[in-house]
Amino acid sequence: MKIVMAIIKPFKLEEVRDALTGIGVHGLTVTEVKGYGRQKGHTEIYRGAEYAVSFLPKLKIEVAVSADQVSKVVEAITASAKTGQIGDGKIFVLPIEHAVRIRTGETDADAL
Amino acid sequence: MTFKTWSRVGLPALLLATAFALPVLAQTAAPAADATTTAAAAAAAPTVNKGDVAWMLTSSLLVLMMAVPGLFLFYGGLLRAKNMLSMLMQVGYCVAIVGIIWVLYGYSLAFTGGSPFIGGFSKAFLSGVTLESLAATFSVGVAIPELVYVAFQMTFAMITPALIFGAFAERTKFTAVVLFVPLWVTFVYFPVAHMVWYWAGPDAIDAAAKAVAAAADGAAKTAAQAALDGVLADAGYIFSLGAIDFAGGTVVHINAGIAGLVACIMVGKRLGYGKEALSPHSLTLTMVGAALLWVGWFGFNAGSNLEANAVTSLAMMNTFIATCAAAISWMFVEWLVKGKPSMLGLASGIVAGLVAVTPPSGFAGIMGSLVLGLVVSPICFIFCTAIKNALGYDDALDVFGVHGVGGIVGAIATGILVSPALGGTGIFDYTTGAVASYDMATQVIAQLKGVGITVVWSGVGTAVILFIISVVVGLRPTTDVEREGLDINEHGERAYHS
Amino acid sequence: MTFKTWSRVGLPALLLATAFALPVLAQTAAPAADATTTAAAAAAAPTVNKGDVAWMLTSSLLVLMMAVPGLFLFYGGLLRAKNMLSMLMQVGYCVAIVGIIWVLYGYSLAFTGGSPFIGGFSKAFLSGVTLESLAATFSVGVAIPELVYVAFQMTFAMITPALIFGAFAERTKFTAVVLFVPLWVTFVYFPVAHMVWYWAGPDAIDAAAKAVAAAADGAAKTAAQAALDGVLADAGYIFSLGAIDFAGGTVVHINAGIAGLVACIMVGKRLGYGKEALSPHSLTLTMVGAALLWVGWFGFNAGSNLEANAVTSLAMMNTFIATCAAAISWMFVEWLVKGKPSMLGLASGIVAGLVAVTPPSGFAGIMGSLVLGLVVSPICFIFCTAIKNALGYDDALDVFGVHGVGGIVGAIATGILVSPALGGTGIFDYTTGAVASYDMATQVIAQLKGVGITVVWSGVGTAVILFIISVVVGLRPTTDVEREGLDINEHGERAYHS
Amino acid sequence: MTFKTWSRVGLPALLLATAFALPVLAQTAAPAADATTTAAAAAAAPTVNKGDVAWMLTSSLLVLMMAVPGLFLFYGGLLRAKNMLSMLMQVGYCVAIVGIIWVLYGYSLAFTGGSPFIGGFSKAFLSGVTLESLAATFSVGVAIPELVYVAFQMTFAMITPALIFGAFAERTKFTAVVLFVPLWVTFVYFPVAHMVWYWAGPDAIDAAAKAVAAAADGAAKTAAQAALDGVLADAGYIFSLGAIDFAGGTVVHINAGIAGLVACIMVGKRLGYGKEALSPHSLTLTMVGAALLWVGWFGFNAGSNLEANAVTSLAMMNTFIATCAAAISWMFVEWLVKGKPSMLGLASGIVAGLVAVTPPSGFAGIMGSLVLGLVVSPICFIFCTAIKNALGYDDALDVFGVHGVGGIVGAIATGILVSPALGGTGIFDYTTGAVASYDMATQVIAQLKGVGITVVWSGVGTAVILFIISVVVGLRPTTDVEREGLDINEHGERAYHS
Amino acid sequence: MKIVMAIIKPFKLEEVRDALTGIGVHGLTVTEVKGYGRQKGHTEIYRGAEYAVSFLPKLKIEVAVSADQVSKVVEAITASAKTGQIGDGKIFVLPIEHAVRIRTGETDADAL
Amino acid sequence: MKIVMAIIKPFKLEEVRDALTGIGVHGLTVTEVKGYGRQKGHTEIYRGAEYAVSFLPKLKIEVAVSADQVSKVVEAITASAKTGQIGDGKIFVLPIEHAVRIRTGETDADAL
């Protein structure tokens, strides 16, 4: 099993969710994060003070899937989250050793 | 940061320095007579009561409070956080620029005679408005200082264009708004205010009518009657048609509501409209704003009586009860139709009730207002839900659905509720000094004419203005700017940090 | 979304259309005399001063502002975000429905004669309340338009039940609240208001007293004395006992405080109470609400003088100083006892001071108010901390601890602070036209009786009403609904999105 | 939780119980004459108009609303969330403690005669201020109840020290603030208020001047003239210099602005200042606060006329227009210089305009106010950006840059704008009963003296007070406390939870 | 070493924390997240607009523990976070290769 | 490739970011979290109710880097995030199996 963790632009969430449910993935967890990268931020001005804001709002999506689904999931996210402009984000795949569904105690593939 | 641009700032200051040289308040320079006082001079000099002054000053502040912070909160809370400041900026700008325009030429255009459609420039720069000049109320022999009237009416002009912003919120360039406000008040608001509210005042009519009565023989009678006719003709077009509007249902709400409808169609839908959730970022702020609108609206409605007397308290009670009824009505309608009573529904009902009772507030009986409140909410509800969705325009904050529709309902209902048989006050006839005889059909038709003229004027005027602006600077920001939010892109700020 | 339910909406509208046919404001239909004006007719006709009208209109709005948005914010900020809208909804509903009830029959039940415990229906639908009818003030020969009085008193009725909601916040079904408000105002508020505040007024007493003095011989004297006794007897029960309450300590605060205590016990504790942190979601909102309550409370206290004169300014200063003192007192007490001065403590002190000074605001001297403020906070502090925790009831927002306890302290203190020897005004005797002789024990006992009757009436009434509601629709939502929040479940909304 | 500390609470209560024994309001004990009423007795007794009373009561509340919640929001929103409650606490504490001090001795120190620099203790505990005592207005023969004046002036004293807190926000110990406020009002505010505003009043001067005119022969003339000179000399030092300040530009804004500058330098910069982003946590709250300041400021400026007449409406219009102009001016200046018009800029312009128009609000013509508004914003803008950054002091919320600088601009401009040739009212001379002849240089020099004295008094006084406090309890919390936030550490609370 | 990452219902936090301290785990990190899964959301209605809200508030708990403690920790979380109703959440176990305590520079097991 | 995940004190963010860019790491993702550990919290008092608040505000930083950069990154974070006082936080290193840049589809090292 793997966790696919993607950093995306916030307004792409609905499209990514739809793409994932389209390929049969029915669970995911989303976190509001701030990203720092090549995409440049803004200058904010508050009366006398100017601040360069380099952290931009992004969403982190985490999807646990069985190993054989990983490439399909990565593709789905890539396709749906892409705008082609800098700051579209990254996808990372991490290994999971074990999974449990709290409600039932089912484990691993059954837990997803 | 460069300071070479500083030099440019001097220009407007210089321009105004010219105006500034006019000795507007120097008492020697003040013309002894203006339209109001000339007419009144024929009768006994009207008196000023400090109780009226106290109430009217308070009322002016209440109307200001409706705009800032009332509208800030009511509108702002319904937006996504990324566009919050853009609304505060637009409303704040609107209030400020209209204040300046008002004293430069707005008051003069709205409240001097001239044509039935627009006043003249005789009081531009408030020329001739001194500490001594008076404005008429609705009672013979009772006046208030003219500056009080200038201030009170100014607050109406300040808030009306700001109401429109709700319709095209979250997707309009600030530069477009900067141009829109001065154009719209000049070509739409001032004419409509003039058409609805400008008249010679009770003292002038009373004096002329008494002169007719006192005229000895036929020739004198004819002359006096001609004078009276002249005084009666010295009024705005819609006023002359017999349409009544106690506190601005046509001038403010229908006017802004129709402009909003036109504007939201011309500006186009928000990105993601109908697909993404465009959820309000703080319904708390919205409800606080609705509450402040409610409190402030008494300045609007009860203040429109221009005196602190029993009629003022009638306007207050009508405003209270129509609002209560509309809030309850919206709540139950939504509960029945949608399955849950929502707080935004309650807040919407409050505003719908306030809008609807604005034109009849000083004319209706209290039970009439109660019925009006119960009736207006379901109508607005249908427009804000079924009809808006069916027609597919993105009136973001339902300016048309609430202000436009509610204003039309109220304006028409005024023709009915003023009926003495329904507990209304009837319409006072200053030529006879008594309540005039009332015919419902006549009055409702007059009201419909008033509504119709306002709808057309506002609709056409707004469309032309926006078309010009769309050519000059454009209406919409880029997609990226809209996505990321107007605040950071247009104003360099974000509303919230932790 | 189905529109078939629309048809049901017509029913209430129809019912009201009947009432609507009453020509309530048509001046010909108005009864020439009501209780107030008949009595006054014997003396010279009382006069209306526009300064009084201006102040009373302003005061009515200030009290409205206490409820919306004052209470919205003060109470709402103390809740968890998931229940924020439920409070705004409940308070908004309460204000709206009470307004409707007030004009239908509430004003009539509270402020017409009949029995010492409750008025009658003679002014139902505001029948007979015209633009000409007057209401008495506390000065002989000075009146205000009756509609002003109707509006002012309405705002008191609107806010009082809303105060109770703080006690059972975050865990009560909206349907239960919907039923509670009309029942509670009808069976608890109107009777208590009638008992405390209804009287014949100064002009009636003055005229009757003068008739006694003028009566020529024994028989006439006896008759006149009987008439005077009749006028004096035409008053609410608690009023007749000699208990004084300038601005509603018993009617509003004790009444709501006791109802809150009963209600929070009957509804039961919030899930997680005493275990989880039920932290306020925005103390900022709470403090803004406390500030608006403070500002608005001057409408309550200084408005209760019904005139704009020196006594009004005394009530204002007393309200200022008691509040300042109570805020400082709570701050230091908490600093001493808990180790840190908290902002919520300061806010609580503000409200405790306002509550306590409500009954003596027009009677006490300013130094007396200062002492009252210093004293009330420690007492409320003990109730909100030690006693509440010891007894284990979940009075979520300390309605009992602040309004109930503070109201009782204030009501009793009024009997002391009114003493001329302590800088108070004494109690005016309209039969002699002078300040009456004062005995502290007598007055404090009268106050205690007023408190006692209110406690019992409110406690029993509230318990009965809630018991009935618990049987009919139930008081609590399901555990899941309570956990997830009332907003999303009962109203289909969430207060905040980003 | 220990209750053994309870015992200590009794002490202040006991102390006050002594004061409480003074029968301040008992009418028999009231001295029949005080400075105001003695003087007036020579002329016809002045009359009280309820319209004035209504307006002044309303104005007092408007000024209270500026502080709470106006300043809460305007200042609080600009802070980081972790320090929000500390500001609410400080402002709330300030308002409460100053209210208490005011009735104990503050009113007496500010508004009784004695020396040109400070009043005496003759009205300590409001001794002699009864329901009958009157305070003069600016019109001969017109008075208001003295308690109204006490309340109105109290609200000025309440807000002024709170303005200073913006300068040293986010990094000052609460205990330091607790000591600062009583010391500062006593040694800085009351003297400056006395110097600027204390005078014998129009009736006294008018009566004395009439006595001079009526005096039969040389000896009587000399005596009468001496009496008149005495009456004229019975005034504060800055007043005697001929400096005019309609609503408190020197007393409130320069005073607080200079104190803020001194304080922020003495307290030192915030941790991370100039390095980390110290972004405002809610510009929404800030703009709502600015709006409430605006609304409330009419109590300040228009209320300062002490009557509800045409001059009051002039003060209102001036306040409206200067503010509108300053808002627009700041917006465009920032747009030109920084490339974007920011909402905080608009809000800053609003406040700068309000500050600047405070001293000339009842003296200037409306076009003059417009120019003043356009001019003040660029000046304040330079101070809040270029100059502050260049000099490197951390005036966190620009108390000096907006209130100090704007106040100085306004105070000097008053000397110009009062000119009848520029549309101003001129200065009324009560000895002749007419507008005095005007010389711009003379008046501007008088204004500069007033500014200079206030700057020095406030600067020195504040420095001494803060030095003492820094020795006694220290000014700054530890680094850890400042990092984590004052709220959790000093008050045991956090403003927001979810 | 492993990281045990659990998605739970928000109101279960205190119980889970107590369960973990009960078995000697004294450090953890909590993130507010939004979860999408079998548990159905709500419909929110804002005047004319109805939105199906499918993302529900959840908390993500991350606990770094030595490999031998993993099963005890998983059990403790399962037991304390369970309500038996849909939406109780998941537990995932991920490998950690290295850990450092910033204050002291201690590494791996000593860092926890 | 690895993900370096660090829990730090909030006010250290700018310093850590600067330290990382200093060693050539130009992308990272930040999450607001609450931490429970040895560092003791506060007592909050709301009128009658006192709550011991044991969860303190922290920031979680996630940086994906190639395996050879890990130790440099860990050092940079340790150095810049350290105050020497309890609660400074932890660093955990997790394996990544795969990375994708959404905008371009580049993978693994090229994706960072």
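In this document, chain identifiers A, B, C, D, E and F correspond to the written order of the chains, with residue numbering beginning at 1 in each.
By definition in this document, a residue touches a chain if its C-beta (ideal position, glycine included) is under 8 Å from a C-beta of that chain, and two chains touch if they have at least 3 such contacts.
Protein identities per chain, from UniProt: A, E, F = Nitrogen regulatory protein P-II.
Being a predicted model, the structure only gives us computed values, none of them experimental.
Visitor: What is the set of chains touching both chain A and chain D?
Guide: Common contact partners of chain A and chain D, which must touch each of the two, are B, F.
Visitor: Could you please state the distance in Å, as a whole number, between where the Cα atoms of chain B are centred and where those of chain F are centred?
Guide: Each chain reduced to its C-alpha mean, chain B and chain F end up 55 Å apart.
Visitor: Hey, how far is the Cα centre of chain B from the one of chain C, in Å?
Guide: 34
Visitor: Based only on mean CA positions, could you tell me how far chain A sits from chain F in angstrom?
Guide: It comes to 17 Å between the two C-alpha centres.
Visitor: Which residues belonging to chain E are in contact with no fewer than two other chains?
Guide: Only 31-32, 44-46, 94-95 qualify.
Visitor: Could you pull out the residues of chain C that touch at least 2 other chains?
Guide: Correct list: 49-52, 54-55, 58, 277, 279-280, 338, 340, 342, 344, 385, 492-494, 498.
Visitor: Each pair of chains that touch: what are they?
Guide: A-B, A-D, A-E, A-F, B-C, B-D, B-E, C-D, C-E, C-F, D-F, E-F
Visitor: Mind listing the chain B positions that touch chain D in their complex?
Guide: Contacts found on chain B: 1-3, 5-6, 8-9, 12-13, 16-17, 19-28, 48-55, 57-58, 60-61, 64-65, 68-69, 72-73, 76, 84-85, 88-89, 92-93, 95-100, 103, 125-126, 131-132, 145, 147-148, 150-151, 154, 174, 285, 487, 490-498.
Visitor: Name, in rising order, each residue of chain C that touches chain F in their complex.
Guide: 78, 277-280, 338, 340, 342, 344-345, 348, 384-385, 388-389, 398, 401
Visitor: Would you mind writing out the residues of chain E in touch with chain C in their complex?
Guide: Within the complex, chain E contacts chain C at residues 11, 14, 42-46.
Visitor: Using the touch rule from the top, collect the residues of chain F that touch chain A in their complex.
Guide: Residues in contact with chain A: 3, 17, 26-32, 64, 94-103, 105, 111-112.
Visitor: Please output the residues of chain D touching chain F within their complex, sorted ascending.
Guide: 272, 275-276, 483, 488-489, 492-494
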